[in-house]
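Residue numbering begins at 1 within each chain, and the chains themselves are lettered A, B, C and D in the order written.
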Amino acid sequence: MKNIGVFTSGGDAPGMNACVRAVVRSGLSLGLNVYGIRYGYNGIISGDMHLMKSYSVSNILQKGGTILKSARSEEFQTKEGRKKAYEQLKAKGIDGLVAIGGDGTFTGANIFYEEYGIPTVGAPGTIDNDLYGSDYTIGFDTAVNTALEAIDKIRDTANSHDRVFFIEVMGRHSGYIAIHCGIGGGAELVMVPETSTTIQDVIDTLNKGRDKEKTSAIVIVAEGDEQGNAHEIANKVMAKLPKLDIRVSTLGHLQRGGSPTSLDRILASRLGLAAVEGLINGKSNVMAGIIDDEVVYTSFKLAISKTKPISNELMRLVEVMNN
Amino acid sequence: MKNIGVFTSGGDAPGMNACVRAVVRSGLSLGLNVYGIRYGYNGIISGDMHLMKSYSVSNILQKGGTILKSARSEEFQTKEGRKKAYEQLKAKGIDGLVAIGGDGTFTGANIFYEEYGIPTVGAPGTIDNDLYGSDYTIGFDTAVNTALEAIDKIRDTANSHDRVFFIEVMGRHSGYIAIHCGIGGGAELVMVPETSTTIQDVIDTLNKGRDKEKTSAIVIVAEGDEQGNAHEIANKVMAKLPKLDIRVSTLGHLQRGGSPTSLDRILASRLGLAAVEGLINGKSNVMAGIIDDEVVYTSFKLAISKTKPISNELMRLVEVMNN
Amino acid sequence: MKNIGVFTSGGDAPGMNACVRAVVRSGLSLGLNVYGIRYGYNGIISGDMHLMKSYSVSNILQKGGTILKSARSEEFQTKEGRKKAYEQLKAKGIDGLVAIGGDGTFTGANIFYEEYGIPTVGAPGTIDNDLYGSDYTIGFDTAVNTALEAIDKIRDTANSHDRVFFIEVMGRHSGYIAIHCGIGGGAELVMVPETSTTIQDVIDTLNKGRDKEKTSAIVIVAEGDEQGNAHEIANKVMAKLPKLDIRVSTLGHLQRGGSPTSLDRILASRLGLAAVEGLINGKSNVMAGIIDDEVVYTSFKLAISKTKPISNELMRLVEVMNN
Amino acid sequence: MKNIGVFTSGGDAPGMNACVRAVVRSGLSLGLNVYGIRYGYNGIISGDMHLMKSYSVSNILQKGGTILKSARSEEFQTKEGRKKAYEQLKAKGIDGLVAIGGDGTFTGANIFYEEYGIPTVGAPGTIDNDLYGSDYTIGFDTAVNTALEAIDKIRDTANSHDRVFFIEVMGRHSGYIAIHCGIGGGAELVMVPETSTTIQDVIDTLNKGRDKEKTSAIVIVAEGDEQGNAHEIANKVMAKLPKLDIRVSTLGHLQRGGSPTSLDRILASRLGLAAVEGLINGKSNVMAGIIDDEVVYTSFKLAISKTKPISNELMRLVEVMNN
């Protein structure tokens, strides 16, 4: 292996830059040329690939977003698109890829590998923490801390006005961010897609709090909860508890940005090195992850098909902390 | 004057606690007893008033929200309510009030003073900075910095994905927060209630940016803009520019909370002292403010009726910075 | 078991409050009375113990420091002191203790248990992360993130002036904070007590950087490094490299305070519950910890005698990232 | 005027980048070519000057430090050095300069102007806020907020351990940062170069606090205080009050870095535009500043020779807030 390419794809996540930096510097350190590919798979297809030097990634460790840009590629989902991609890689002599992204990224990588056999190792970059094969994904810890800072601020105003707030955090298919925010934010209740919570459960929790003379409350809602989004849930609750002063806040895209936390910078650095070493050691079609503080490689197939369950211990913790 | 009361009323703002602390400690320092009144005017009516010691306000200088709680009082808007309030104050021997709040707070204080003549001095506590009689209101600087941190994060993801973001900030009747966020956040455009911006203006600005190969853009929208809220505006723009990747983020209540900035802590401390000194010096029915770094007292009437215009220099600055 | 006490002892750490809250609410939830003991072991001796309600720990989850105060107790190191402590506990009917602290705390707890047999479970609260029996200690993640924010700021000025900074972080006997800050802060070198780095090594690293046209550099020094503190090391380097613009920054006590991160809040909450459940299930003389995401109990003896080695993988990562 | 140059000089300050951006974009907007000059006066002498485009300053608004680098120039203090500088400017056709910096920067600019008559307008960029001719200097508000965040954290640990902390903030000749931190941080005492405070005053303040059962205390020390630095002062106090648990923290260089606050970004943007407009309108040998929210131009001579006194009102405020 002589020349490798690195790209970011799918929704951006804090720490992607730290991972790009790690791939570039690990590659250089291990004697490889490293190409930075812009705009994910689109950049492979269009040949938007540039040789990186050590200084190309100076001072990006602490930067949110991704200097390589990210995009979802429709063209790469076609056979023709992937053929073009392959030809571009061949033309540049790129014989290995590091793909930083989530589900969709690895699904594409898997197909591409099966068709063209270019060795690819992934690094899990998504704030959702929903990939099997790594305890944490790059960006998750930052997203939770960002959301938590917002929740702390909202609690100030909830307390001052004796209000109930429904706060929606990211997580279309996964309640990881929500449950961590719930415990960290001292929420009275957490609503996640993985478990079923009825509107009556919400009402019971709020009433229980008022019985104990709690004057304000926070309910964390994962955007993909089965009861709807935070606005919809709040409306249903208001219909039944018209006396409460209920407000809604949807945290939205600010959860994606910002300078990565220590944990995300270190995780991203470790996985960047692990991905390059994986390629050199002949691994392919796998995602590098960290489980129990050890680097492990999990096949793309498994990483995207198996689900990481939400922890019962954490769900219970929310409840106990409300006593 | 022997006994004074202090309360917070209307929407809470960061720095209200710093102001409460300043009123209590200034009062004690100047030989007064100070009562903390909870829940704004409601607390006067219900007699929810408590003698404060110096330690009652320890460690609240840096806390968001208000330990005295805030509320809007419907009862105080009735003659009967105000009569009850007066009787409660008499019963406690309270012969002066410090009211921390905004428009509504001072409107009530003005009526109450005209009816019962209890000396009252206000301190401007509102994130909107829309009160005549003070360059800054308590909470404004914090709210802008909080919004700006969110905008910085959103720009990370806007840049990574070449997106256009419409970001809605607080300001139902005033564009102060929006214009400050616009300059501080490097926005391409700012939409405020004070000036008229058409959808075509938005489109022109976005097109101009793309002509210069800017790949992403931020538009700041004050919630009270005449074109609608950020979602409505974004929808109108999307209808005309379907190729753009347009997203919306409404920052919402997180702008109200959080630890106050240095500016807000100092402003709140100065105004707390100024309010107490005003009372002692026989001032009443006025709001203490700071103009050109000097304490000034403005009649409640003027403070709530006169509008503080948005600065043309700042509006122009947004435009120039886009070149 | 009916009545338990909880206290914090030794150097304070962010998240101690979150753990106190978790102990109180877990205790109440499981049918126990919980006493908050102030000033660590001194408070047991003096009987400074107070029955806690659920609201006693409201809104402390996000607060730095410890509402129970902390202190090192000389009296508890005497036989007489411990006898008094025992009598106070008996008088209150306290039949179990949760001790939140580090090395010294658990050493005392161990002796006390051997002498008087009062069941005690510990929770590791120390920013140093130097306790065997838990992957993370409460406060470590916050301390690292706090230090990292400072390092990011210092890098701004280092870059602007082409300077070399020696930044000293906490860690008298352990390089955990330093190594995490080194990777997270993109440092050129990390000096920790666990490994030997000569002044010549520092000089070589700085020269290597300059050969690659790096104009600034950051060296992280754990306070307990064998070459001395950051000032001493910087002086030795300056003597050999007089042309470099070398500066020193000692981060100091700010690393101990601040609102805990998500990770610390969750860790503290889990360990607070685990400590109470441990007591109820008959565990004693052990520290609750989390290893590989599972709650484990390690004897105090082992926790304080066995050392947690610094990771070679992380040490190597610093080096690779400098290529 | 056709071609102008912009540079940063002296100690770096947050917001310098925002000002560089404003100069570049204002210049382009007003039809000028703008050269970015690196390393302050050294860059003029060596011809390290580069034509800037609008995108050259993209995404630097929120960045700490200065992309143009800063340096103190010994060569520029010689006649010969200034002659070289003049020749370089002539060669490039640069007929106007914007100098962003402090005292030293404007002293140099003043001499250079008198010798060679190249129109120069300054923008005050220094965290010390010690320049006559502007209410605020660029970087001051950020430095105070950065220090305040650190002080808040240190108060957590001071409270937990009942300690007295002497915290040293920047300000070799000026107590501006110290007094703002003192009020914002709720300090018991502030020691600044402008006023004389004896060690006995410190002791009296600490004793007074203990009489009121305050268990911890914060003393803010400006680095240039006449009693010495924080360590020296603490040692003198410890000698007289050996029972107190006294600690010292020197905040140091972290006060120089970090993303600028809203106030600094807006101030820097306004002053960048004002500087360019000043040049175009024939102003020279002046510093642009903002007094009472209006742009004003003050001669370099006045700006560097006249001192901005520390506010008595603020000094008194510290005292009153301690009651």
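We adopt the following convention: a contact is a pair of C-beta atoms (placed from the backbone, for glycine too) under 8 Å apart; a residue touches a chain by one contact, two chains touch by 3 or more.
The chain lineup, named per UniProt: A, B, C, D = ATP-dependent 6-phosphofructokinase.
Predicted, not measured: the structure shown is a model, and the values here were computed from it.
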item: Subunit B and subunit A - chains in contact with each; value: none
item: Rounded Å distance, subunit B centre to subunit C centre (Cα mean); value: 39
item: Whole-Å gap between the CA centroids of subunit C and subunit D; value: 35
item: Centroid distance [mean C-alpha coordinates] between subunit D and subunit B, Å; value: 28
item: Shared-contact residues (touching 2 or more other chains) in subunit D; value: 152, 155, 159
item: Chain-level touch network, classified as line, ring, star, complete or other; value: ring
item: Each pair of chains that touches, named by its two labels; value: A-B, A-C, B-D, C-D
item: Residues of subunit D defined as touching subunit B within the complex; value: 21-22, 25-26, 28-29, 54-55, 58-59, 61-62, 135, 141, 144-145, 148, 152, 155, 159, 180-181, 183-186, 212-214, 259, 261-263, 265-266, 269-270, 273, 292-293, 313-314, 317, 320-323
item: Footprint of subunit A on subunit B - complex, ascending; value: 8, 12, 14, 16, 63-66, 69-71, 146, 150, 152-157, 159-162, 165, 247-258
